[in-house]
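Labels A, B, C and D are assigned to the chains in the order they are written; within every chain, residues are numbered from 1.
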Amino acid sequence: MPLLLFSQPFMDSPLIPLIIEWSLKIFFIFGGLMTALAYLTWFERRVLAYIQMRLGPNRVGPAGLLQPLADGIKFIFKEDIVPLDADKFLYTLAPIMSLVPALTCYVLLPFGDKFVMPGLNREIPLHITHVNVGVLAIFALTGMGVYGIVLAGYASNNKYSLMGGLRSSAQMVSYELAMVMSIIGVLLQAGSLDLVEICKHQAGWFGMQWHLFTYPPTGIIGFFIFLIAMVAETNRVPFDLPEAETELVAGFHTEYSSMKFAMFFIAEYANMVTASAMATILFLGGWMGPFVDQFPLLGPVYFTAKVGFFLFLYVWLRGTLPRYRYDQLMNLGWKFLLPLSLVNLVLTATIALFFM
Amino acid sequence: MPYQAPLPREYYALMPEIAVSITGIVIMMYDAFAPKGSRRGAGYIALAGLVAAGVSVAYLWNESIPPAFSGMLLTDKLRLFFDAIFILVAGVSVLMAMQPLDDERLPAGEYFTLLMFATVGMLLMGGAGDLAMLFLGLETLSITTYVMAGYRRGDLRCNESALKYFILGSFSTGFLLYGIALTYGATKSTNFLKIQQAIASGQITYEPLLTIGVAMILIGLCFKVATAPFHVWTPDVYEGAPTMVTGFMAAGPKAAAFAIFARVFVQVFSPDVPNAANLAATWTDAVALIAVLSMIVGNVIAIQQTNIKRMLAYSSIAHAGYALVGVLARDWQSVAFYMLTYAVMNLGAFTIVTILARQGDEKTELDDYAGIGFHSMGLSVVLMIFMLSLGGIPLTAGFMGKLVIFKQGWQAGFHEVVIIGVLNSAVSLYYYLRPLVVMFFKERETPYVPPKVTAPFYAALAISVIAVFYLGMFPNRTLNALEMNNASKDAKAPAAALPAGGVR
Amino acid sequence: MVPLSWYLALSAVLFTMGAVGILIKRNVIAVLLCLEMMLNAANLALVAFSSFFQQTDGQLLVFLVMVVAAAEAGVGLAIVISVFRNRETLDVDESHLMKL
Amino acid sequence: MTIQQIVFIVFALIITAGGVGVLVQRNPLYSAFSLILSFIGLAAMYILMGAQFLGVIQIVVYAGAIMVLFVFVIMLLNVRDDELHPDRHKYLLYIGVPLGLGLIAEVFYVVTRVQIAPAITDMHATGTVGTVERIGVGLLTEYLLPFEATSVLILMAVIGAMHLAKREKE
């Protein structure tokens, strides 16, 4: 919120058209994203079904396309149960704390470069707001997401929930380190924390000078560390320890039902999208690709396609990999990913020093 | 002015810190890869590193190095003399800890690493040329000391000691930091030289900010050196911490805090600086009050103690009071000399307490000392030497330290404070002599097994005893090194100034 | 524009609350929280001075203070855990094995 | 009243409310969350003063790391409400509250006087001192030595915390 208020455009330009532009962008991006999130669940269930040789939801609407709608209606009309010994205030706060940071991240993501509205002669940047510490801001927001899970675990007054919350906070804090360390190489190359600048830095080579390919092999190593850490950050298989149903029932959201549960659910998918978008921006050139200079509207298409690839990857992982054990997870994070990302950082810096 | 990268000679100025840091890292590596049985090795590595640091201090002694690292690091006699004290304290602490760590099966690698980096913190404090460096050095020292105080983690008293030390230490850090912030607000800089220039040229944004800032820094430092109204944590922390750590805490961090005291109050906010008369008058009054209170509170409560560690804790409060007289006299040399004498005799006393305390610090009550005088003759006589020195009997270091500091105080015109100090030292003899009376003249009711004294203990005791007598009988060399013997009061102004050379 | 004195007043209020909290709170964790509050009060004052003087120094110092705060929090909580292992309470008043 | 002043007042109220919350709440978890609220308000203040980098870092470090650690420990030890000891430590309340009132009074004295002193009320926070570039360059040039010293500090904190929180091997 404060970032939005004090970002540069707000201070400088005339207010009224800006507010209109913002409202429209917010409406489209959030409207689109919420729909996309809903269909992400459908997508996941269908793909998972194909991987497991099942059919998946195909009853509601053609090919099950109305399934998310049905799910939504079900969530709204279910009874909202609050456990008797729960801490009522925190119990209600938890899903909000989980969802709000997750959705706020979208304010910062650039979906493409500027484009000029025909007839209006007004340059519209394809992102809601632009701050020059974008990467840090995203990490700040995703870091806040831990609280939702922790609070849910604590407030439910249920030992499985508590364990889930504890595990999740430990896991997210541990993997955040490796995640941040893995992208410092990228930031070193781009020389900026600004998401738009980082994307533009990858414009060379016909729109294919992605950080994944530059400075081999550091780009690829960094990318894989980021990929693993991002799956762990979003608590997805194979790192879904906080909600490991075989040991913890459903983890931190065991006691939640109805819309509160739905909010956790949406937050999880929203975080997946954010993480995928970050991976896209940092390593796969964001909206960059061939011919994007000539046709600026190709940018969002490329961007969506790349994000979609990562989302598919998430589902693919879920369909194929078994769950890690908790101590293995911690060992992987602290004893492998973190040292590796540090070595990678030193390597990147060395290459940058001698070959730049 | 454009920034210039540090020159090689600026790294020379950092040599002691670098040497000790590398030693710490080497100890960690050694501990990780050495076979399980070899616990002593870490200690010997630590000693070697400290010797290297000592050599580098000696090397720097005659060099004249301008402020390094954009004025962050000052190299002058004040820094180097205190550096020598810190290295000595660290060395004796290593020797003191080797045997107990073995006996109690505590991890030696971590202990010596923490000790090494605590020393780095102290060294950085001694050389701090900027409030930022001062803060960081102090925090490095504090954080390592918190951990060392709670080092025996299965022992509840140890845990509580660490907890109390942590809470009150951080509380004082808060005050210190707020003081730094306000001082920055008043002078537009955190660099000592620039602060001094700002005061001298009258470019203070707002006078009360500076006064309150200095007051808060004073409060923060008084917590760290444990002077009277801010001393409440000392006895509990000293009693609960493992004795070897208490010995270190009483000597090292206290000397380091006094190094800062000397730097900040004797040099930066000195009354010799133009336009600083009001400010200096304010802090002088406060420090005089604190000094008197510390002496009285420390000595009076120490009389009632039955635990030797608590007694030494209160005695350390009293000694902080004496040392403040040197700050009052605006004479850092006497403070430095006093801290040196205090460090050696205190470390010696705590070494004996460590030896007698046995495993888990079980025997630290005075009753445990009853009648051991003729069973462990050597230990008792050596303890007697340290106790007499702490009490200020002639021919010992303690006497020389007190003589120097009270003489400077008297010459600077703080007659009342000095008189109270001398009276207090007389009172203190009562409780310093009590362990001796107990040891030699009280009947023992329980059987007594003489403790095992091993080589590291002998070395620690030898260093302390020799230092006590050397400083007590032949102090001239040390005082000459501090340029105290020939310096008349008129030549005082340059001695109290920050090293010249300007900030690049 | 917001005058400097407003920031200073806010920082002083925050510092006071932290200091008072350390004295009156009983739970160790709450005491640690109050310590953080004191450090943050100092940070606010430093940032205010630094941006009003248009100097980077103060903000650099704030950055260092944040590092220190993180280190302190880590060690402090470790101490709390070690105390809690041996005694199942976090009440400061219950830490009275040694008399004051 | 300019828009900045209104924003300041709003966030100042949030910060103060958070601080009061820490003092008043009996459940440490509620205290922790009050403090997080306070820290977020402080981040907004930093951004209002043009210290963007510190504003974001405030959230990343304090709200995202330090407070998570606190909350984690609160949950690990599963602390619920404070136990009440009505008689004990009353005297600290008697010391603490007057001390607080005294400090507040002093603050208002100083603040009113600062407003009179023209030297610092006229200045306004604008400009670019708080950008990432300036902070980064500052840390690696003039503040090189303190920056390196912090690494020592962090290393010690890690070793110390690990030693203290490790379980005793019996």
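We take it that a residue touches a chain if its C-beta (ideal position, glycine included) is under 8 Å from a C-beta of that chain, and two chains touch if they have at least 3 such contacts.
Since we're looking at a predicted model, the values are computed, not measured.
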item: Chain pair with more C-beta contacts, A-D versus B-C; value: B-C
item: Distance from the mean Cα position of subunit D to that of subunit B, given in whole angstrom; value: 30
item: Inter-centroid spacing, subunit C versus subunit B (mean Cα positions, whole Å); value: 25
item: Whole-Å gap between the CA centroids of subunit A and subunit D; value: 29
item: Touching two or more other chains - residues of subunit A; value: none
item: Sequence positions of subunit B contacting 2 or more other chains; value: 132, 136, 139, 143, 146-147, 150, 153-154, 162, 185
item: Subunit D residues counted as touching two or more neighbouring chains; value: 48, 53, 57, 65, 69, 74, 76, 106, 110, 114, 120, 142-143, 146, 150, 153, 156-157, 160-161, 163-164
item: Interchain pairs in contact, sorted by label; value: A-D, B-C, B-D, C-D
item: Complex contact set, residues of subunit D against subunit C; value: 2, 4-5, 8, 12, 15-16, 19-20, 22-23, 25, 28, 31-32, 35, 38-39, 42, 45-46, 48-51, 53-54, 57-58, 61-62, 65-66, 69-70, 73-74, 76-77, 79, 82-83, 85, 88-89, 92-93, 95-97, 99-100, 103-104, 106-108, 110-111, 114-115, 120-121, 123-125, 127, 129-130, 134-135, 138-139, 142-143, 146-147, 150, 153-154, 156-158, 160-165, 167
item: Of all residues in subunit D, those that touch subunit A in their complex; value: 7, 11, 29-30, 33, 36, 43-44, 47-48, 52-53, 55-57, 59-60, 63-65, 68-69, 71-72, 74-76, 78, 131-132
item: Contact footprint of subunit D on subunit A as seen in their complex; value: 1-3, 5-6, 90, 131-133, 136-137, 139-140, 143-144, 146-147, 150-151, 153-154, 162, 165-166, 169-170, 172-173, 176, 193
item: Subunit B residues touching subunit C - in the complex, by the definition given at the top; value: 131-132, 135-136, 139, 143, 146-147, 150, 153-157, 159-164, 166-167, 170-171, 173-175, 177-178, 180-182, 184-185, 188-190, 232, 235-236, 239-240
item: Residue ranges of subunit C touching subunit D (in the complex, touch as defined); value: 1-10, 12-21, 23-27, 29-30, 32-34, 36-37, 40, 43-44, 47-48, 50-57, 59-60, 62-64, 66-75, 77-82, 84-85, 89-91, 93
